[in-house]
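Presented sequentially are two complexes of subunit A, the first with subunit B as partner and the second with subunit C.
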Partner chain A sequence: MSLLQEEREIILSNEYVDNFDFAEVEDFVKNASKELFISHHFKNKKKMLVQPRGGFPTYKKQFALNEFFVEANVDVLPLTIDSNTRLNDYATAKKMLRLSEENEIDMLNGYPLVNHGYRTTRKMITHFNKPVSLRHGTPDARLLIETAIASGIFEIEGGPITYLLPYSKNFPLDKAFLYWKYVEKICANYSKLNEPINRESFGPLTATLVPPAITIVIQIIEMMLSLEEGVKSFSVSFSQTGSMNQDIVMGAVIKKLARHYAQEINCADATINLVYHQWMGAFPTNKDYAEQLINMSTVIAAMVGADKIITKTREEASGIPTKEANAKTVANTQYTLGILNGLPNIVDKEEEEILTLEVHAIMEAVLNDPADTLWRKAFNSIKSGIIDVPFSPHIINHNEMITIRDAKKNIRIIKRGNVPIPDRCFEYEKAQCDLTKDTTSIVNDIIHDIGIMQ
Partner chain B sequence: MSKMNDKLLIDVGSTYFKVSTPTSIEQHLRDFNKDIYDDLTHKCGNTIKNYEKDDVYICSSANGGLSTLIIGLTNSFSLKYAKNIAFNSGINIIETVMYQNIEEYSVPSDVIDVVIIVGGINSNSNIFGEDLYSYLDKLNYSNVVYVGSEGQAPALQERIENLVILPNIIDEKLHIVEENLKVYLTNLYQEDIEGKEDIKHLYDITSNQIYSTPYIVNKTLPMINTKFSVVDPYILIDIGGATTDIHYSKDLVDDNIVTENEYDRLVFKKLGVYKSRESLIFAAQNNEFVYELLTHLKVTENIFQDQSEKATKVLMQLAIFLVLCKMSHYKQAYINLKLLSINSIVFTGGITKVLSSGEIEDIISFFYKKILNSNHNPATVLDSNYDIWTLGAKGN
Partner chain C sequence: MKVVTGVVGNDIHVVANRLIELSLNARGFEVFNLGVNTYLEEFFDAVVETGADILLISSLNGEAEGWSREIKLLKSKYKNLDNLVMMIGGNLVVGSADAETIIPKYKNYGFDLVFHQVDLNTGLDTLEEFLKERNK
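This part shows the complex of A and B:
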C-alpha cells in the first residue's frame, strides 16, 4: 500500500466518518455525470457561470436552498461548510446538527458535511445534477475534501495561504501547506478518472485594501502548488477592489501571468479559469444600495472576462442571508449578464506594466528563496514579509505594508515593508496619492477606505 | 577518516545506552556501579574503537538535564515564549513566576541551574524592581540570564551579579526571537554535561558537542515520514526511565507562536518507570481514574509494590494514561492539546521494548473513552528500533 493510501485510511478512520469505501467512491467518480464537473462546464460554456453562496445545517434546509437556486437559474450550486467543521471539531458539529434538526433554529452557520456523510450528501448532489462548489476556509481540509469528492462535489475552493491568512490567527502555516498538498494530490488522482476536479483559490483574502500585486502573487503560488501535484483545472480569483479600472487591469494581468507561471513549471496543459467575487468588503446597510453595488460588480465581472462570478446578497450587512435573498441575487445577476452585450475593451497599458513588474519582482524573490520546495519558499517568503497581506490576523503575517486609496479609488502601496516592490513602481504608487497630509489624516483616510462602499 | 567512514551515534539515557552504527544498533542497561564512560567502553569498546572522535555523535538525557525557573511579566508573551524556548532546548522547567505576584510564590529549595528573566518590549523600562532582587536573593541558582526589554537591562546588570544579558526574546510586533536564548541554553547544557563527572569523560571519545536527547528527537520530527507512516497531526511520546517527553505537532494547540520549530516539546520530569518510579506511582494514586484503569488491566494496587515484569508493563501503561491526562482538558498543564484531532501517536524510548502495540492501543482507547468520552482511535506507531533518535542524530 502506498504511503498516501495509508495516510488516507488513517484520516478516514475518524470516528465521525462512516465506513469509507474507497473502491465504491472511485467507481462513483468514474461514472459520475459530466454535469457535476465544473471543469466540464468551463470547457463548454457559452456564458459566465453564476454561483451564489449558502449553506444550512440540516439536509432538509440545504435541499430547499438548492431547490430555490435551481428555480433562480443558478449555474453552480454552493455548499458552505459550518465553522465547527472548518476547525475539525466534528463532535460539536454533530451536537449542533442534532439540535438544529430537533428545533427550528439553525445552530450552525453552514452544512456539516463530515457529519452528514458522503452517502447522504451524494443523494442531494446527484438529485440536482449541477456542479457544486465547496466553500469552507479550513486549514486542515483533508477529511472534508475526501468526503466532498465522495459526495459528488468536484469543485474545491481554498488553499494553504488564502484559507489561512484571512481566517486564522494561530494555525501553523507550514502545516497548512502540507495539508493542502494532500488535498491537491487527492484532487489530481481523482481527476484521472473522469473530467478534472477543479481547484479554486480564494482571491479576496482579507477583502480590505489588498493591493493587486499581493493578490496575484498568492493566486499564482497556490496555482503552482496545485499544478505541480497534478491538478489539471484551476481557477484563480479576485474580488472587486473598488476601482473599475484597477479591476480591469488586474483581470488582464492575472490571466496573462497565471498562464506564464503555469508554463514555467511545465504545466501549460492545465486549464486556468478566472473567477470574480462581487464586493467582499463592508456592505451598505441600505438594501437598495447593496443591490446597486452587486449590479456594478456584475458589470465589472463581464468587463474582466471572468469565467465565473460569485454573488453576494442585498442582506449582506444585516446577517446571514435568507434563501429567498440568495435566489433573488442569482436571478438578478443572470438578468444583468443577459443584457450586457458589446462591452468596450479597456486597456490601461501603464497600469498593466506597473502591476506586471511588481508581480514579477515578488515572484522572483519567492522563487529565489533557497528552500528546496515551492511550498517552503512560499512559507519563508510570508515569514520574512516578502509576501505581506494587509489586515491579516495571522501571527506570521508581517503587517508592515500599508495601503490607501488614491483619488480614483485605486488601492495604492504607500509603505512596502519587506515586499520587494521595485523602486520605480513604488514611486509611481505613491505619486498617485496625496501624502502631504499629516499622519492622523492618512490614518483617517485608511479607516474611511475600509468602509468605502458603506 | 574513520575506518568505517560513517557516523557512530550514542545515546546515553538514564537507564539504557544505545549505540548505533550504519549497520546495527545495540543497547545496554546501564550499570549504575560504574561511571558511564567505563560502562560504555567496557560493553561497546570494540565498536567505538572503529571510529575517529570526529565521527562519534553523542546525545544524553542522563541526569535529567538542566532545571530552570522563569520570571516573566505575562502568561501570553514573556512566560509563554521563554517556556517554549526552554522546553525546545531540552531544559526542564521547575517553576514559572509571574512577576506581578512574585511575593506570593514560595522559593524552591532545589538548586536551580538557570534563572531566566524576561518581560516587556524594548521601548519599556522600569519593569522590574526591589521585589525581584529580594526574590533572587532567596533563590539558590547557578546561572541567571536576562532576555527582556533592553531599556531595563542596565538597571538589572547593576544589581544582579553575573547576569548574562541577551537580546529580547519579544520583538516589537510581539513575535518570538528564539535563537539567542536557545543557543545559550544549549551551551549551558553542554557545560553542565562537561561539569558532570559522570559524562565529561565521554569527550574522550567524541570531539562533537553532546546535545540533549530531546533536542535531537525534536530535530527528527519533520523527517519522521521517511521512516514511519505517521499522519499529521500527531504526538510523539518518549517514555524513558526517568522522564516522559511529549513532542507534538503545533496545530494541536490553539495558542500558537511563530517559531523555527514545527514541533513543540513538553517534559514530565518525574514520570519514568525506573529512576522516578516512586513519583509515577504517586501521580497515579492521585488520579481519580487509576483504580478503574487497574481493574481494566486486571491487576490490583499491590502491583505498585511489585518489581516484576508485569509491574513494569503496568507502570508503562499508567505513564501513557497519565501523560495523556496531563495534556487533556482534564488537567491544566503547560498546554492543552486537541487530542481528538490526533491521527497518530508515536511511541519511542524504553516503552517500545516493554509493551506490545495491543497493550498500548488498549490504554489509549481507555483514555479516550474515560476522559474524552470518545471512540476516537488514533493510529499507534512504535519506534522499536530507535529510528527516531538515529534520524535526528544523523541530521544534526
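This part shows the complex of A and C:
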C-alpha cells in the first residue's frame, strides 16, 4: 500500500465518518454524470457561469435551498460548510445538527458535510445534477475533501494561504501547506477517472484594501502548488476592488501571468479559469444601493471576461441572506449578463505594465528563496514579509504594507514593508496619491477608503 | 506613553485593530498590539511586561460583554495596576442597545472610558483629554 493510501485510511477511519468504501467511490466518480463537473461546463460554456453562496445545517433545508436556486436559473450550486467542521470539531457539529433537526432552528452556519456523510449527500447532489462548489475555510480539509468528492462535489475552493491568512490568528502555516498538498493529490488522482476535479483559490483574501499585486502573487502560488501535484483544472479569482479600471487591469494581468507561471513549471496543459467575486467589502445598508452595487459588479465581471461570477445579495449589510434573496440575485445577475453584449475592450497599458512588473518582482523573490520546495519558499516568503496581506489577523503576516485609495479609487501602496515592489512602481503608486497630509489624515483616509461603497 | 491594545476573546475582526495601532502611533504613543483573538490574561500580562499606562481593548462581534464581567476579579490578582487607564471601544453588545445602558455597565466592569459605536478619532481625542486632566 502506498504512503498516501495509508494516510487516507487513517484520516477516513475517524469516528464521525461512516465506513468509507474506496472502491465504490472510485466507481462512482468514474461513472458520474459530466454535468456534475464544473470543468466540463467551463470547457463547453457559452456564457459566464453564475454561482451564489449558501449552506444550511439540515438535509431538508439544503435541499430546499437548492430547489430555489435551480428555479432561479443557477449554473453552479454552492455548498457552504459550517464553522465547527471547518475547525475539524465534528462532535460539536453533530450535536448542533441534531438540535437543528429536532427544533426547526438553525444551530449551524453551514452544512456539516462530514456528519451527513457521503452516502446521504450524494443523493442530493445527483438529484439536482448540477455542478456543486464546496466553500469552507478549513486549514485541515483532508477528511472534508474526501467526503466531498465521494458525494459528487467536483469543485473544491480554498488553499493553504487564502484559507489561512484571512481566517486564523495562529494555525501553523507549514501544517496548512502540507494538509493542502494532500488535498491537491486526492483531487489530481480522482481527476484521472473522468473529467478533471476543479480547484479554485480564494482571491478576495481580507477584502480590505488588498493591492492587486499581492492578490495575483498568492493566486499564482496556490495555482502552482496545485498544478505541481497534478491538478488539471484550476480557477484563479479576485474580488471587485472598488475601481473599475483597476479591476480590468487586474483581470488582464492575472490571466496573462497565471498562464505564464503554469508554463514555467511545465503545466501548460492545465486549464486556468478566472472567477470574479461581486463586492466583498462592507455593503451599503440601503438595499437599493446594494442592488446597484451588485449590478455594477456583474458589468465589471463581463468586462474582465470572467468564466464564473460569485454573487452577493441586497441583504448583505443586515446579516445572513435568506434563500429568496439569494435566488433573486442569481436571477438578476443572469438577466444583466443576458443583456450585456459586445462590450468594448479597454486596455490601460501603463497600469498593466506597472502591475506586471510588481508581480514578477515578488514572484522572483519567492522563487529565489533557497528552500527546496515551492511550499517552503512560499512559507519563508510570508514569514519574512515578502508577501504581506493588509489586514490579515494571522501572527505570521507582517502587516507592514500600507495601502490607500487614490483620487480615482484605485488601491495604491504607500508603504511597502518587506514586499519587493520595484522602486519605479513604488514611485508611480505614491505619485497617484496625496501624501503631503499628516499621518492622522492619512489614517482617516484609510478609514474612509475601507467603506468606499457606503 | 505606552498602550497595550488588542481585540478581546475569539473575535477575529482585525481592521479596526490595525487602524487603532496606526492612529495611536500617529499620536505619539508607544503601542504594543496583541492583535485579534486575545484573552484577558494576555492583556494584563502584557501590561505588566511592558509597564503600559493604558489598556485599550476593542471588540466588534459583541462578545466583549461576556469577557468583561471577569475583569475586576482578574485585575485584582495583579499588583500595581491601580493607575492603569482602562478603555474599551467598538460594538459592545450582541444585538442592539443604547449607549445610556451600555456605558454605566462597562464602567461598573472597571473601565474608565467606554465607547460604543463611536468614531475612532473621537475616542482617542477623549483619551488624550482624560490623560491631560489626570496628569494636572
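Note that in this section the second predicted complex is superposed on the first by the 454 of 454 C-alpha atoms of A that agree within 3 Å, B and C clash if a C-alpha of one lies under 4 Å from a C-alpha of the other, contacts with A are read in each partner's own complex, and residues count from 1 in each chain.
Following the convention adopted for this analysis, contacts are C-beta pairs under 8 Å (C-beta built on N, C-alpha and C of every residue); 3 or more make two chains touch, one makes a residue touch a chain.
Predicted model, so just to flag it, every value in this text is computed and none were measured.
Residue contacts after overlaying the shared chain place A:198 against neither subunit B nor subunit C. Of the two partner chains placed by superposition, subunit B and subunit C are both touched by A:395. Legend: residue contacts after superposition of the two complexes on their common chain; A:447 is shown touching subunit C, with no touch to subunit B. In the superposition on chain A, A:7 makes contact with subunit B only, while subunit C stays out of contact range. Look at A:439: by the touch rule set out above, it reaches subunit C but stays clear of subunit B.
Shared-chain residue A:167: touches subunit C; no touch with subunit B.
On subunit A, the patch touched by subunit B and the patch touched by subunit C overlap at residues 170, 395, 399. Contact residues of subunit C toward subunit A in the complex are 12-15, 18-19, 22-23, 25-27, 35-37, 120-121. For subunit A in complex with subunit C, the touching residues are 167-170, 206, 208, 390-393, 395, 399, 402, 438-440, 443-444, 446-447, 450.
Those residues of subunit A that touch subunit B in the shared complex are 3, 6-7, 10-11, 13-15, 88-89, 91, 139-140, 170-172, 174-175, 178-179, 383, 395-396, 398-399. If you check the complex, the residues on subunit B that touch subunit A are 173, 175, 225, 229, 231-233, 249-251, 253-258, 262, 338, 340-341, 343-344, 374-377, 379.
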